[in-house]
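Next up, some structures in structure tokens.
Paired with chain B in one complex and with chain C in the other, chain A is shared by the two complexes that follow.
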Partner chain A sequence: MSGPTQSSRGFTILELMVAMAIFMVICAAMFGLLQLSQQKYSSETQMSGSFQEARLGIDQILRDINISGYPSQAMFSKPISSASYAVSPFAWDPGYNGVDLSGACQVGVSCDPIPSGFDLIVETNFGSGVSWIRYQLNGTTLLRAVVPKTVNGDPASATLSALTPFVENVMNNVPVVSGSLAAQITAQHPMMFQNGSVPLFQYSCSTPSGTQPCTSPTAAGYNQPQNIRDIDVTLIVKTPQGDMQTQSLQLMELTGRGHRSNPAN
Partner chain B sequence: MKATSKFATRRARQTGFTLIEMLMATAIVIVGLVAVAQLVPSSVLLNSNNRNDGTALVFAQREMELIREQPLTATYFTDPLGVFCPSGNQCLLGDATQPNQLVGSPVVLFENSPVIDYTAAQVPNYSFTYSDRNDPAGTTTDVRWAVVTNKNSWGVVISRRIILGVFRRGMSSLTFPVTLDVVLEK
Partner chain C sequence: MTRNFTARTAKQQLESGAAMLIAVFALMLISVVAVALVISSGTDSSLAGNYRTATSAYYASLAGLEEARGRLLWKNQDFVNKTGSYSSVFDPSGMLPAWGLTSVVYITNPGPGETVDPTGGNPANYADTEYSQEFPNWGLSGATVLPVIASDSPGVSLPSGGTLPGPSYKWVRINPVTEQSLQLDVNGDGVLDGASVLFYDPAHVNTSNQPAPSLVVPTVPSTPPTPTSVQALEITAFAVAPNGGHRLLQYVVAPLIISPDAMDQNFPAALTLDGNGVNYAGPGTNGFMVNGQDQRSGSPLLFYSIGYTNAADGTNLVTAATPAQNYQGAPPGPGGPPPVPSHAPGTIANVSPTPATSLLRQSWMTPATLDAVMQDIENSADVVLTGSVNSTEISNAAPLMSPTNPMTVVVNGNLRLNGRGFTGYGLLLVTGTLTYDPDASWNGIVLVVGQGILASNGSGSGGFEGTVFVAQTRDSSGNLLPALGGACFGSDSSCGVLGFGHGHHGFGSGYGSTPGFGIAYNSFWINGPLSSTGNPPVAGAQGPLTYKVLSFHEIPLPN
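== the complex of A and B ==
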């Protein structure tokens, strides 16, 4: 009588507690793993989002550079208003008069502020008359403006009020903008920002000895904005927040090269 | 008495799981859960691999764009900024005195397509290593190419085939070289 009853007993409280303790430990580990993968997922989502945004940004910049200077005055058989053609693929400041190339500045010497490493105005017609497309890096925000070209207008002042945010968290000029952020970046990536800011735009000019960086001595005398042939674009972007696990900054760099389409040059 | 005995046997058959059985069941569940949880980091890794492959492909396309701009008569190309050819160097575009054969970096067949052989050493003027110090990924790009200059029966250069490989090295994750194969006619 007592035998069967003995064998059909349930767990003792001790057994139950041991089993539950083991289960709890395993559960805790599982939740830890879940949290880890959620953090990873969220970091990766941010990274993909920023990468996508930067890629769209650089694609637009390169597209604008690749159609710069279209159409040139030489494409028209009779005299036409200078608002209907591009005087130069890239407008400049100061000295721009909208009609001819007299007064054009020298890139890296007297072109201040446009065109420079962080400021560029493309002159082109992308369907609705000749426009000025300006890109300016202000702090960590890349701004963009599109305004129609006017005969006696000044591209720098005309585009200034139309600038709107285009790409956020751009780090090219971070040594100037935020020393602490720059120190954080160089702690993680010692090679970056060794020469200070990284120019967003680097210009190459057409010279008799081939295409040369506009600032090189070989390009002296050929370093006006109408002679810019290639523009190398470097875009360094960070994600809005750091890595969820390590709190380290997530950065990415995109590069591209565009050139003018002005057939007159 | 008989009834009680019957009752007792039924009770005896109705025992619950033992602790060992419970532990075994839990272990099986855990193995399953861990296997599923591993999918998350592996997909994250795959994502970053894809991004690196994409970056290598973009570099290869830009390099190819520069090569495509060169006329068929050009024997070399340069890049003053030192991105697509080390600055001051001449990157060669084949040899017209050796027509209809591969000149430059060694090539192997992979699934019936020619790809640059990255187990071989770099060939001067047909390869270079580019490192972009502003790239947070801290990688170096190993660029190599081979050129076939095609001549017609009158000895005139009619086309040029470029096989271009780009390999991003120094990544924490596994990457493979990218190969582009283009025939240029002008």
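== the complex of A and C ==
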């Protein structure tokens, strides 16, 4: 009767150790789950950020293409100068001098480097005078430049020094990125890069047989820049870091089609 | 018992507290994970939603522009002036725009239970704030707003009884344009004129007499500056996507009327051979005529029988045009009986002696610009056929073609126009070789532009009522020529093509024994109206075929 009662006996060291061990296991599981969650959240945030950037990028590109060639020469009976209207909806290089009737620039054949799968100059007025808007993929960075159009100016050289980063981590041109990254990308996403590089811009020209890829043999004779009617834009971007759990590369592909509605003079 | 009960209670209290702590802790961890997952997926959803909103508003607005552009055309079943209700903004023909400076027409497209009132000033009802920016001198309060038209695209009824919503644009505005509204100095005078509506002149040339179809500012406000000009209109569409994105897009458009004449909306001749080194080899029979006298009932008009554009070709053409009396037309004078045979060779004329005095528009005299006109035709065609086709395929593709329903038919390739009793109505464009069997006929405009070859060896009693225009713009490989080439009208052999006459191939030393009646200029089929009793009247082959888009741009809106 004078010994300690059962209620005040306390826990044995064994009980405490077992309890603590169980608690630690539960805690470890919880923290593991929390870490997974944080990694997932971090990956998703990266995906969201990259998607947001890519979406805004492709949206801007499509808007520029849609209003390319505004205002055309047909809006002026006596233009003040050739800089007051869009001579051609899309400029080219080398030898840009307005509408190419000579066929010196045939899209996909003899236009080099503009317009090409990774370089495009839109000529349009989006509210601040006629400008040259250039998109150029340099490595993994899509660059953009906007410069006012000048009389007898060369759009390629005028825009070159004004290019600034627009969308980062663009993976379309796999062969020019570092070797290991290229190998990793093509290994993890073989379907996306079946033919190596994925052109950022693919052109369709107006022909008597309807709109066809400018590189199609049936588009011969109609594949000058002023005949470009539609441009399919494909933007493949990578998140800055790989998946936090699997370390695999996270890519997303956005596509859209820009349509020129303005006449090409 | 009491003591034991007390001891158990204390133990239970101690243990239950620990369990609660552990449970709360575990729940917190789980909650953190759950919240993270919810936030992550929520971010994704909103991003995708934003993208859908921006894109859907753009396409909805574009749908509004296209609806208005379509409904300006006389042959659209929902033509805005179909019953004459909007005759105040169309010319006496009822088909061509004649908007007053302040005239405004709205098409509205409210959703279920929604009010759309662009003129009311209430932002909740999608007020049009852009008009007053473009026309600050009078704004919407001073505009002549015609009765609002309901959209014809509220939705599509489904077999299940439901409805698929139509495009979510809210309103479309149609009005004339000025330099001020466009913020473009069209005539380069340094002034943005806000008092003159703008016209579009497809025959306009620049100071070097080079083709430059363009908007023009009239010297007398609201009066067409030239007989070839037509009024330009502005179409503005405002769209709001269900979850808030909005876009404002704008077209400037003008009716497309097919005419090569620099002076008016006609053709210069019954047969026009446009180019350099053109070849004409008529059959030389008594029944075959190229008649420039307008066959329209009561018309006193005379046109050339054959028009050409290179002076060096004149002698050969006159020599080949035999018998001479079968080539009637202008000159010698207006109306009256056919000119006497001795004057007939004078009806074969150079229609472009110099650029400044050319009867042909400059835009119809260079391969690139003529090609562009043909592209416009193709873009508005009712039927486009590719490859080598014949009349049967035209009939199959255009079964409703009739005298009161002329159609625009484009053949990208070679056409064998044949078939006893076949008669086509409207505008026919052939980019390859048109091989003609006079068993068939065409009433309207025949353009053979591209390879520029119209050849025949067959026999029959048919012919062309209207006008025929032949030009070579491309070589045999399809490449654009630097200058127009030598178009050909004649027998198969003279034009260097294989014949088809009655099962023979390449037999052609000339036409068949009865090579049809030839070509007779007829403004009825060219200009119309083909039906003055219709509501609206029916245009001739030249159209208007569509409303050509002269410009497209987006007007930035505050977010």
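Worth pointing out:
By our rule, the second predicted complex is superposed on the first by the 247 of 265 C-alpha atoms of A that agree within 3 Å, B and C clash if a C-alpha of one lies under 4 Å from a C-alpha of the other, contacts with A are read in each partner's own complex, and residues count from 1 in each chain.
Following the convention adopted for this analysis, a contact is a pair of C-beta atoms (placed from the backbone, for glycine too) under 8 Å apart; a residue touches a chain by one contact, two chains touch by 3 or more.
Note that the structure is predicted; figures quoted are calculated from it, not measured.
Judged by the touch definition given at the top, the superposed model places A:80 against chain C, while chain B stays out of reach.
In the overlay built on the shared chain, the residue A:202 is in contact with chain B alone; chain C does not reach it. Touch criterion met: A:72 reaches chain C, while chain B stays clear of it.
By the touch criterion defined above, A:253 reaches chain B but does not reach chain C.
With both structures placed on the common chain, the touch criterion links A:125 to chain C but leaves chain B unconnected.
When the shared chain is aligned, no partner comes close enough to touch A:164: not chain B, not chain C. In the superposition on chain A, A:18 makes contact with chain B only, while chain C stays out of contact range. Using the contact criterion defined above for the overlaid structures, shared-chain residue A:26 touches chain B and also reaches chain C. In the superposed model, A:180 lies in contact with neither chain B nor chain C. Residues 5, 7-8, 23, 26, 30, 33-34, 37, 40-41, 44, 48, 51, 210 of chain A contact both chain B in one complex and chain C in the other.
Those residues of chain B lying in contact with chain A across their complex are 4, 8-9, 11-12, 14-16, 19, 22-23, 26, 30, 33-34, 37, 40-41, 44, 47-48, 51, 62, 78, 80-81, 83, 132-138.
If you check the complex, the residues on chain A that touch chain C are 5-8, 23, 26, 30-31, 33-34, 36-38, 40-41, 44-45, 47-48, 51-52, 55, 59, 63, 66-67, 70-80, 84, 99, 101, 103, 124-127, 206, 208-210, 220-221, 261-263. In the complex of the two chains, the chain A residues touching chain B come out as 1, 4-5, 7-8, 10-11, 15, 18-19, 22-23, 26, 30, 33-34, 37, 40-41, 44, 48, 51, 188-189, 191-194, 198, 202, 204, 210-213, 216, 232, 234, 236, 251-253, 255-257. Taken in their complex, chain C has these residues touching chain A: 3, 6-8, 10-11, 22, 25-26, 29-30, 32-33, 36-37, 39-41, 43-44, 47, 50-51, 54, 58, 182, 184-189, 200-201, 204, 206-207, 212-217, 251-252, 368, 374-375, 378, 384, 386, 412, 431, 450, 474, 477-480, 482, 548-554, 556.
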